[in-house]
Structure formats: C-alpha cells, structure tokens
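Which chain is which? They are A, B, C, D, E and F, in the order written, and residues in each are numbered from 1.
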Amino acid sequence: MKANPRDVLTGVHYIDGDVAAGYGVLAAGCKFVAGYPITPSTEAAETFARVAPKGNAMFIQMEDELASISAVIGASFAGVKSMTITSGPGYTLMMEAIGFGAMLETPFVLLNIQRGGPSTGVPTKTGQADMMQSRWGSHGDYEIIAISPDSPQELFDYTIKAFNLAEMYRCPVMIMSDECVGHMTEKVVIPPAEEIELEPRRLYNGPPGEYLPFKPDGDFIPKMVKAGAGYNLYISGHVHDERGYPVTNEEFKSVYLRRLVDKIRRNKDKIIELKEENTDDAEVIVVSYGISSRVAVRGIEKAREKGIKIGNLRLVTVWPFPDEKIIDLAKTTKAFVVPEINYGQIAFEVERCCHGRANVVLVPHSGAGVHNPDDIYDAIVFAAKEKKKIEGIVEYKTKLEKLVFEGGFKLKE
Amino acid sequence: MAEIRFAGYGGQGIIKSGIIAGKAASIYDNKFSTMSQSFGPEARGGACSSQLVVSESKVLYPYVTKSDVLVAMSQEGYNKFESELSEEGILLIDEDLVKHKPPRGKIKIYSIPTTRFAEQLGRKIVSNVVMLGFFTAVTNIVSYEAMKKALPGSVPEKALDLNMKAFEKGYEYGKQKVKIK
Amino acid sequence: METLKTKKMKEVHPMEDVLRMNRIPHIWCPGCGIGLAVTAFAAALEKAKIDLNKVAIVSGIGCTGRVAGYIKLDSFHTTHGRAIAFATGIKVANPDLKVVVFSGDGDLISIGGNHFIHAARRNIDMLVVCVNNFIYAMTGGQVAPTTPLAAYATTCPFGSVEPPINIPYLADSSGAVYVARWTTLHIRRLTNSFIEALDKKGFSVVEVISPCPQYYSRINRLGDGLDMMKFYHDNTEIRHGEDTKNLDIGFQGKIIMGKFIDRERPSYTERFD
Amino acid sequence: MKTDPKGVLVGSHYLSGNHACAEGALSAGCRFLSVYPIMPALEVSERFLARAKEVGATFIQMEDEISTLAAVLGASWTGKKSMTVTSGPGLSLMMENLGLGVMLETPCVIVDIQSVGPGLGLPNRPSQGDMMQARWGSHGDYEIIALAPSSPQEMFDFTIKAFNLSEHYRVPVAVMSDEYVAHLKEKVVIPPANKIEIEPRRYYEGPKDSYLPFKRDEDLVPRMVDIGEGYKFHVTGLTHDDRGYPIMNEECQEYNVHPLVWKIRNYVDNIIEVQEVHVEDAEVIIISYGATSRAALKAMEQARNSGIKVGSLKLDTVWPFPEKRVAELAKKVKAFAVPEMNFGQIVLEVERCSYGNANVFFVHHGEKGVENTDNILSAVKQAAQQNSVKDGIIECE
Amino acid sequence: MNLWRKPLDLQDIKVARGEIHIIKDLCKGCGFCVEYCPKDVLEISEEFNTKGYHPPYIKNPDECVECHLCEMLCPEFAIYVTLKEDNNVVKSASEEGGQ
Amino acid sequence: MSPIINAFAQGIKKSGVKPAEVCVPSDIPFEPNVVKQLGVDYFHTIRGRAIVFGTGLKLANPALKVVPVVGDLMTLGGNHFVHASRRNMELLVICVNSFIYKKIGGKSVPSTSPVFSLYSTFEEPFNIPHLGNSCGAIYTARWTALHTDELVNSIAEALNKRGLSVIEILAPGPDYYTGINNIDSNLVKFYHKNSEIKNNEDPRNVGIMPDENIVVGKFTDKERPTFIDVYNAQLSKVIGDKFTPYGPVPTSRTGAGLGTGKNESGGKDG
C-alpha cells in the first residue's frame, strides 16, 4: 500500500530529527498520537500536533505517560495506527503498559529520544542507556523490535519502517533514538507519497462467528479486527488462549506465551537490518548504533589511515539482537570495539555472542555528551595490538574518566 | 569543510542562528551541513551553543573539534569555547557583552555591537540576525544570497521585514569592518 | 553564626538564611513569577515561628520543581509528579516534621493528580504550594491541564480544546482543609496565606497564579512579565470564602482570589493512631 | 550491630514465604512499609500490618505502586528502614522511582513476588520473568543488588541481608522471590536478636555546615543524614555534584553516574554469594536460583544416582551476576544447564560468561510446573553426552 | 534575622528611611521593582549587566520609605532594603543579631 | 448472572444502542460467556487504565460507545478519571465500588474481608459523584447493586448522554482479581437497606460517612460540549474551511466507521 499524498510533506527540508520524526509519523499513516511533554522529545509531539489536522489525525496530550500509552493501545485496537513519543523517565513509566501491549499483540510505535539518566539525569543532553530497558523493562517474557536511527533523514525513514514492522509482527516497535539525533538539524528529503510503501493493518475478513483474535496465521501472527465492528471481542491482558479467554492452566502458558517470543525470534532474519563495511577481513570490528556510529566514523577513518584493517558494523535494528552475525564475525575477527553512551549494555550482548573467540572492548560514556573520537581510535589500536584472549569485557578508560577522576579536576556549573 | 560554533545564552537565538546558516548552506548553497545544539534546562539565560559543520561532502562526524569560526554572544560562551578555536580561526563577538583576551596565533577578531543595533532597530530579539549578517560578510562560508533566501520561513512572517533589516545592518557593518582590516 | 553586622558588610541579601544564595541567579526567565512565590515563601518561613530544622521541602519536575534547590531546608527534587507521594512517606515515617511540597501545575495536577487527590482525601498533614502558570514551561510551552480554553500552546497549535481544571475546587472536593489562591502580585497576602497554612494541621493548598513571559505570554501575545502583573492588578478580585466551584479561570478572564476553605478534619496520622 | 529485639519473633515457626519475609523485615529493623495490594504479595503486608503496632512500625497503603516506592524513598530519608512489596505489574510501575532511589542513593528494599507476565499474566502462578527487569528496568545506567530466596527460611534471611546490603551500599536492593516460594510453608527459625547482625545506617559525623550529601567515602558510598537534624541538605534526581546541586554537563554526568555503577562493580566479590554442591567433580552444572533451585537439587541427586556427575550452583545473589565464578567453572565442565521459569533471561548471562568453554542448555519448565525435575534431568543427560561446544544456547524442554 | 517591614513605632514621628541595595548581576530586567515602587525611587538604567540586561538604578535615594516592596517583588533576589542607620527610628532588639 | 451485568445488559437494550458498537475496557475480569451474552467488545486492561484505554478507543473511532467498567476507579486510575471528566471525554464510566468501611448508617458493616481493601479501613473513601462533578462530569449517579430498576434506567440514560458520565455502583466484592460475578450478596443487601434515595442532591453532600445512611440517586445531569466537539469547534475557528471535522460519519455495514471513510489506512474492513 502507498502512503496517502495528503499525509506526505514531499520536498527538501532543513529540520531536526524530532521534526523529521513528526513528519514521518504522519507519512506512515498514523492517525493517533498520545503524548506527554518531556525533554528532549517534545518537538516531535509538537510537530505532529501541528500537522495532524492536515491528515485528519488526532493528537492528544494526556495527563501522564501511563495514560498516553494506554490510550495508544486502545486506539490501535480501534483500528488506527498509533504511537507515543517520550524520553527516559516517561519511557520508564510506560513499562507496565508496554508489557500489556506485547501481551495483547498490539501494533504500535514508541519513539524514545534518549537522554542522560538514571532518574531525571540530564534532560537536555544525550544518552543511550535505555537500550537494555527497551528489551527487558517490563515484567514477564516478551520480545519487541527496536531500531536506532543516526540522522534526521533516518528518523523520518525509520519511523515509517517502524510502523510497517509493528503492523507486520503485531508487536510494539521502539525507535530508540537519542537527543543528539533528535536535536540535530540536517537536510531531510521527503519523497513523494507514491514512493513510500506502507504496511496496511492485517485485517480478518471472515464472518464474525469464526474469528479467533489470537489464532496465528502461518507466520505466527494473528489477524486483527476493529473494535466495534461486531466481532464481540474478548481481549484479555491475562495469559489467554486463541479466543482471547484467560487461561490459568500452565500448559497454555507455554503454548500461548511462547508464541509472543517466537514470532520475533523465528522471524529475526526478516526483521534485522544491519549496515556493514569491510567486515569480511577485518582485524577489529566496531559495533555501534545511533549517534555513536557517526562519532565512531572519525576513529575508524583514523585507524584505517594507520593501516589497521577495520570493519564497521552498524546495528540499525538493535532488538532482536543479531546473535548469528556476531557469532560469525567473532570467528574471523580479533576483537570488537563497542562505543556506546552507557557503561555497557549492548557490549554485554556482543560479549555473549563472541563465545570467547574475540575480545570485546567497551568504550563507555556516561552520557550528556558523545565520545571523544580519539578514545574510539585508541580503543581500536589497543584491540588490534592485543594478542591474547581476554575474558570479560575490556573497559576502555576514556579521557573523560581520567579527567574527572584523576587529580585536581573541579566541577563547574 | 568549515566548523562553526555559535555560543551565547538561551533567548539570544543562538540555535536559530545555526539553523538559518545551516539551511542556507545546505539547501540554497547546495553544500552539506549538520547543525547540532547544546543547551541547558533554562529557557532564558542559560549557557547555550550550536555547532554547525558545513562541507562539500556528506557530513559523517557531526561535531566541531577545532572551530574555524567562533561566534560569541556572551562572555561565558567566549570563555568556554575560545580554546577550541583554531589558530587561523575567526572570532566574532558582541562588543558590549564580550571582553576578549589578546588573540592567539593568527586568529582574526571582528566585533560588532549586535545587541545595541538590535535595540536600535526596535527589538533586542533580532540581535542574532544582526550577527548572522555580520557573519556572512566576514566569513564568506555561506553566500549572501543563500542567507537571504533562508531567512523567510525561519523567522516569524510578521517579523520578516525587521529581520531582513537586521541582517542587512549586520552585513553592511561587516563589509566595512572587512575593508578596514 | 554570622551576626547581622558582618552580613551587612558583605552586602548579602537578607533572605540568605532561608535561601541558598550560592545557587542564585536561578534558572527562571526574566519576569517569571516563581521567584516571587519563593520570596513570599521565604518571608513566611521567617515569620512563621517554626523550627526550620524540622521542615522538609519536596519538589517535582518542571520550572517550579527547581524551587527545592534554592530553599535552604532539607530539600528534595524528586521525579515528575511524585513530590506528594515522596512527601507522604516523609510525613508518615516521621510525623514530627513539617513537610512542604512546592511544585507546578503540570507536576501536581497533571501527572501527579492522583497523589494530589489521595493525599487530600487522607488529609496528610502537608502544605502544597502549586505555582500555576497555565503551561508546561520547562519543556517549552505545552498545554497544561490549567491552560485556559482556546489559549495557545505548542502541543495545541490551534488553541486549547480542554477546559482547564479548577485547582481549588479539586482540592476542596478531595478533602483539603485549607485552600487559598493568590497571584504573584499580591505578594504580602500570599505570604500571610503561607504563614497560616504552615500553621494548619492537614492538607493545605495554596495556588499561586504566576506569569510565564517566555512561553505562555509569548505564544498568546500577552506581553512580558510586567504586563501580566498589570493584568493581575486590573483583573483580580478578592472574595474570601467563595464557593470553590466559582473559581474557574477563563482565557484572560477575571481571577478570583482569597482564602476559600479553612476547616478541620482529622489528619491521616491522627486517624492511624 | 545487633538488631532491635522488639521486632524479632524468636523461635521456630511454620511460616509461608510471605510471612517469613515480613518477619525478616521486622527483624532487620524495618519500621516503614508502604504498599499497594497486589497478588501474590499481599500476605507480606498483612503480616507486617498485624505486627506493626507492637513493634512500633508504620504502614501506609498508597494509591498505586508509583507512589508506594516514592513514599518508601521519602521515609528512608527520615532514618527509618523502609521497604515495599509487590509483584510484576507493580514492579513495572515502580521503575521510575527505582531510578530515583539509585540516583539519591537511598537505602530501601523492594520485595518482588514474581508471577507470570507480561501484562496481567497469571497473578497466582509463579514465574521468574522479572529477573532482567530488576537489573535493566529503569532508564539510564545503574547497578542494583538482587537476591533470590528459595525457601521461607531464605525469605527471612535474605530480607535481613537485603536491608544490610542496601544500608552498606546505599542502593535499593530487590528480593526477587516468586509465587511458589511466597506461598510455600516451611519451618523458619528466627534466632534471638543478639544473633542477628544488622548493618547500621552509615551516618555522617562531621560538623553540620560541612555536610555534603554525595561526598563519597573511599568505597564510593556517600554518608547519609536524617531529615530534620538541621543539615539543610539538598538532593536531586538530576545529575548532581557532591553538594547535591544539579550540574548539566558531561563531566558531572561522569562524576555522578560512574560511581553509581562502580560502587557495586568494585565490590562484587563482597556482595555475591552462591551455594555450590558437588561442583568439584562435576561434568555438568545446573545453575539455578529461587524456587527453581529446589528442583535443580533434586534433579542433581537423581542424575548422580544414574551415574552422571552433576553439580549445582545456586545463585543467592543474582545481580550483580557472579561472572567470574561461572567463567571459572565453564573451563572445568562440559556444560551448564539453566532451568528458569521464563523464556531465557539469566541463561543469557550464563552464555555470556562461559566464553565458549562450555555448552549452555536452557531448560524451560514448560507445562509441568516448578516441582517437576524431568526436564532438567533430560537436559542434564543430553548435556553429558554432548562433547563439542556448540554456538549459542541449546534449548530443551 | 528580622529585616521585614515592621509597623512604625508610634512614638517615633520620623518616617523611616531605607537604603536600597541592588545586586546588579542578579538582575534580569523584569522591571517589577521600578513599576511598583510607591515612591518612584527606581529607574531602569542604560548600562548592561554581565547577562546583557539593564538593571535598575536608584534615581531618588531620599524618597525610599523602607517599605520593602521592591525586595518582595523581585523574583531574582537582586534587590533589598535596609533601614538607614542615620535616622532616629528605634531599633528593635531582634535586629541586634539575635534570633 | 450478577445484578450489575444484568442491569448493564438491560440498560444497553433500553438505550437503543447497538451492543456491537459498545466497547468495554475494564480492569475487572468478565466471564467470556458474559461478554458473549452482552454482545459487546471487551478488553481486560491493566489495573487503573480502563478509562485511558477507552479514551484511545473513543478518539481513534468516535463512533464507538465506550463504557469503561472499573473495579476501583479511584486508586490507580484516580487521575485518569479527573482528567477524562475535565476533558468531557465521551465515556460512560461504570465504577463498581467495593470500598470497605467499618460503619454504615451508624451500624457495623458485616463480614468485611480485610484482603483487597482498596482503602485502609480508617481512611475516608472518596465522594466519587462530588469529585466527578467538580471535575466536569456531566452525569453522576450512585446506586447499590440491588437498586436494579434505577440502575437500568441510569445506564440507559447515561449511554445516550454526550460526555463523561459516571455511575457508581456499591457492590462489595469485585476487584482486579475476583471478577464481576463475585459480589458479596449479604453486604450488598446491607448497603441497600442502609441507603436512601435523594435524586438531584448536591453531590457535595453525598459523601459516604460512617454515621449516616448511604445517599444514592442521580446527582448531576447537565450538558457540556465534549472533547471532540470543542476540538472541532476550535480548529474550525482557527483553520477555517480547510479543516475537516474529526468524528464519525454514517456507520458502515459492520458497525462503526471512522473519519472521512476514504484513504484510511488498512481500510479493508467490510
């Protein structure tokens, strides 16, 4: 299905990532956004609020994030594409409902413009420390999809892709961007509507009497209907059977809950998108995502100039994690360097998938800023030189850490 | 490639300056540009800066490492970012608000009373556009025509005339300054 | 302790006993009224004859959420909307303390609305100061539950479509024992209200109507802080004891101020025993 | 320091896990409980409430779980040891204030009686689906401590331990129990107060005007004071310096957050406790925690009887994860079998820490319930026969 | 500390005179003090402070009656008033530095 | 079937609303067969979020009749109730209130289970009609589960109101875990016996007090534009002719339609 020309602001814009995401939401055919103001994601919500009437869409600012996400799940069941926009603390408040959304197999999109944490942290500055949270933040077992764009153009493109994935796999899709990308202004080219491919809601067409809301099709994914269309839906957040009726029997738990994780795990290959560069014969591979992948470019270029065989693996899709890819690369490379704006989250996943075959060097950053590219370069040099296998993650000591903790430094407001 | 830093405090339109110059370079001069911003929680009065990287090819690394131009509209901004300015760089300051040290290396300093000019034009809020005009005249990184095209749509429509005037004022002043130098 | 004389020689502000002067200038914009609410509160603390060591102040998030950081008491800057819940814990765990919650309309009434009504119902002994500037200012001017109908904000670019909440009415119907409203212009009356409320046992609410020149006034073209103060001068009316249901505030409409509720109800800790 | 005898119900009792937990809390000197009722954690608060008056403890039932944890943090700053109990959905709601607790470095205990999730799941069935959430559920970088009791006695002991750890490291500590243990009744021996060692709050003792709420000791843990003592301190959830004043730059972020992580990572050896049985000669080790470890021990016994050399590693402390020990054992054994009541959480950690030296078998309890050892046994058998190390986790049911 | 406004001592016929102190660099130029001074003592100055605002200056120093309204209406804690030492108003005990 | 469900079914019938267009988000478990008999779409949501879930349903498809049935309105979801009332979101909130209180009408309440008491017994419960009224609800009523006829009429009446209506049903028993059929009949009888009907009473006077009888009745019945009304009016005013009003168009074959009906995403539905 093509996008509706009414919703697409075709042309060349010079806008920041938040605004680009706002335009992307409309272009993706989303008709309902509920949000609550939180720095640094508000501009995306504001943008959508401004353009919503154009697409006959509704923006509502709810009383809190708990309300926003529940309204989004409700709207999705009413049959429209819906999303919410937030940042760290708001994201945390949504955790209960994200699990609920996963349980109900609700297609919806969540844009998280990450900031420095924990708690209130640094609202106006960047972070990438919600990555594990996006996967594990709600109670119980579930799987979600998470994408990490690195430029305003990608925020536009991947917002659309996120909606498509959500509809395809009937699950919450997170766009895990960060403040740097959200507040970075660049040229964004919005193509004409006929060049934007959208995934329509997969609706059930049969008679009401036979409809089973959680009976999967061949690819593990059940079809949906719209609320109020006469299907006499029974949808429960409890563990349920194909009819949606709650079950208390443990047998059903392993059958029906299992599908929630399997529908993602078994479709991994179709979902995962990676960007690879020179990884085939690399000594060292930099694994990065979001803004860190742009910062890493400097370090990589410098290392290449010095003759290090360096590969670059950018995780566009962070969850589900590309286990097999890392396992394969670990067999041929010496080490992975993982720069991320946290004290190790995705690095643990890389370490897990290395199976001791390659070293893992983490270049951490506390947040509120991006890496010094020299740190990444130094880490690459270290990784290339190191001959023995090191158990555990090597945490590279950054210039920032040395500055702050080693001698005479005074904090200035 | 040129790396430009605008620094001042919230409320001066520091980020707006970056956007207008970036838009001019990217859309009307057909170069590539990336603008990123850094600000505190305060809407007004907090330290605030924007970074603009203008390049002939796609901007991969989006931040300023050694700035070619530093536009300082506050003392705090000057103090913080002066050391980042390259030895051959250009420093632009609001002369009423910033007192500078003797220049390092081959740094060229151009000063202009933007806030005063803006107040004379009627609204203090256009001081950033005065500075943009000055910036255009002095640095030649972004063309005059592109800047003029970038202004409409970037400032409120009602205030476009005022902004155009402010831009011209800064531009003229800049041209004179360059001549004198 | 420093004597008055040495203080005078250093030329320091007389409120330095209750303010963290080393943190000032504060982050609020020129013409913002939150500073005035703090001034009035600081004045009240000095006059109220209470042991300042036994007062804790809790704020949430937002512009007003920064207040706790500037007042020299045991002070807590907590998560968004949870100031009252945090304060409830303090009060219930140690009933000897006086607890003040100082936060904004978005924080207390929107995301924290549930804690607000429940603390009022339980009649937890605390003073809640709600600075109402009709908008979310810290995040850049989004619609708040107090934004008047048809007023503009960034997330309602075509004018607000939600009727605003009447904070005194909500407090009253939830069970607060002391409810008053003043604007930042009526600074001495506000101070007196603070003193009275600090003395009151039970859930007390003081709403402070405050200008937001940077966002609310700018988006709605209402001038600067001074224009708003002039507006308060011309469009306010004091009606003590007015029925709280008549206290709605329309867009640039008349603001009724005064002390509306002053009653007695057993507080939570009293009932618990 | 010895505990206050007032809260200690000395003697042998026949208690459910939940009741043992309440007794543990009271014995540890917990004097403030804030809850919102949720299955299957109710009995903890009921027991606590029933005993509150005689012990002199305070209890409040809040309007939701968001506020319960906020109230606990507030109460903790008054000097009272405080805790809350909840289950999955409640824990999800607490996540934001868990972050605040980490940022304010507030000692408190959160007891999570896990039931099946996500969403509403099955409120009255056991699960271990919140294990990763406990570690990663709030935004931003932080480390917490999580313990997993497997019996009512351990519910009692670990609750006390949780309070001690939380006071020592000034961090929220989670007791990750589950519905099975919570409702399991067994003998619980409560020793006299002079046998119960508790960690006193680490108070600041210097002059009042030079108190800095986040000035760190050598071990990176700052000292506390109580509200109302005249220190007039400020603390904030924003990134802050030693004074507790917010500073918004990356240097301060590093200064603030780095120790939050490293005050735990540096002391993992002091924090982590595991119980090992027959690991010396084992070919296969079952790694388990909480209720599952009961079945694991049984399965180990059965396997030994049929001649397979099986050992057991029970994780008393799940977070921080005993990386080093697992890595050491991985070099010695053929495989690990990890039974969990979820679809694979801690097993990922085991995979990470085996560094390709041992196979990792994941055992899902499946439909047969936690008591059943068949699945574990068959996994162990399979593991014992597998001679080469395979990539990735091997799942078996 | 007790510097707030007090009822004038009845025996004292002299009107209190105040001395205004302006902490210029804290000022953000909102103009509240100038607008609401009942005696028109203050005026906005032409000079910039370090933040680029125009702070007030004392135009009519002798007019100040120590009403403290500018102090109360300053959102920035940038202005305060003290009682002028050289008049005959009896000082209250608390002002001697006691609590 | 419980008296509440019965009254709900009859209320829908009496109101003339098509059951297929009724959506019931709820935090109380309904039996599947109950839902089947009612013929509505039922969503068992997480605790406290039924109203906001309903807000999403309603805004995404304004043609729906959304009836959140809430086990306990005021604890987790209190804030959502306040704000939905303020917005006048077009929802009928049926609040099955199972508060536990020591005394009613001066008499001790028989057998109250201490478990699941949603308020501590020494705390005063909310006066829900008053709170609703003060926040802007257009219809408030309170009945015990045994005021069957009155309840049916109230539900039928409120289903045809435009705006936020709230009907409080005093029925000890149901909450998040036990289901709507599970009410304690002795206790309801006790409540019924100790209640008095005072229609149109000022909601401020209907608080449930230990020493007084429970006041039941219809307290508020007024008109106010709904959220969508105000939205359409305001946007038409500002944007002018270019604005397409948001809201229902004539319903399609299968029931409620959405928006303008054309170009809507995934519009394969019948």
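The rule is simple: a contact is a pair of C-beta atoms (placed from the backbone, for glycine too) under 8 Å apart; a residue touches a chain by one contact, two chains touch by 3 or more.
Every value quoted in this text rests on a predicted model; they were computed, and no experiment measured them.
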Tell me which chains count as touching both chain A and chain C. B, D, F
Treat touching chains as neighbours: how many steps, at the fewest, connect chain B to chain C? 1
Using C-alpha centres only, name the chain that sits farthest from chain A. E
Going by C-alpha centroids, which chain is farthest from chain B? Tell me that one. F
Between chain C and chain F, what is the gap in Å from one C-alpha centre to the other? 33
From the C-alpha centre of chain C to that of chain D, how far is it in Å? 39
Whole-Å gap between the CA centroids of chain A and chain F: 37
Note: chain C residues in touch with at least two other chains are 25, 28-30, 77, 79-80, 110-111, 113-114, 118, 138, 140, 145, 158, 272
Contacts with two or more other chains, residues of chain B listed in rising order: 40-41, 44-45
What parts of chain D, by residue number, touch at least two of the other chains? 60, 63-64, 66, 89, 96, 99-100, 104, 119-120, 236-238, 245, 248
Would you tell me which residues of chain C are touching chain A in their complex? 61, 77, 79-81, 106, 110-111, 113, 136, 138-140, 142-143, 145, 154-158
Considering the complex alone, what residue numbers of chain A touch chain D? 66, 88-89, 91-93, 95-96, 99-104, 114, 116-125, 127, 129-130, 132-133, 135-142, 236-239, 248-251, 253-255, 257-258, 260-261, 323, 327, 342-343, 345, 348, 351-352, 354-357, 365-369, 391-392, 400-401, 403-405, 409, 411-413
In the complex with chain C, residue positions of chain A that touch it: 35-39, 42-43, 45-46, 49-50, 53, 59, 61, 63-65, 89, 119-120
Residue positions on chain B within touch of chain C in the complex are 11, 40-46
Enumerate the contact residues on chain D facing chain A in the complex. 66, 87-89, 91-93, 95-96, 99-100, 102-104, 114, 116-122, 124-125, 127, 129-130, 132-133, 135-142, 236-239, 241, 245, 247-258, 260-261, 323, 327, 342-345, 348-349, 351-352, 354-357, 364, 366-369, 389, 391-392, 397
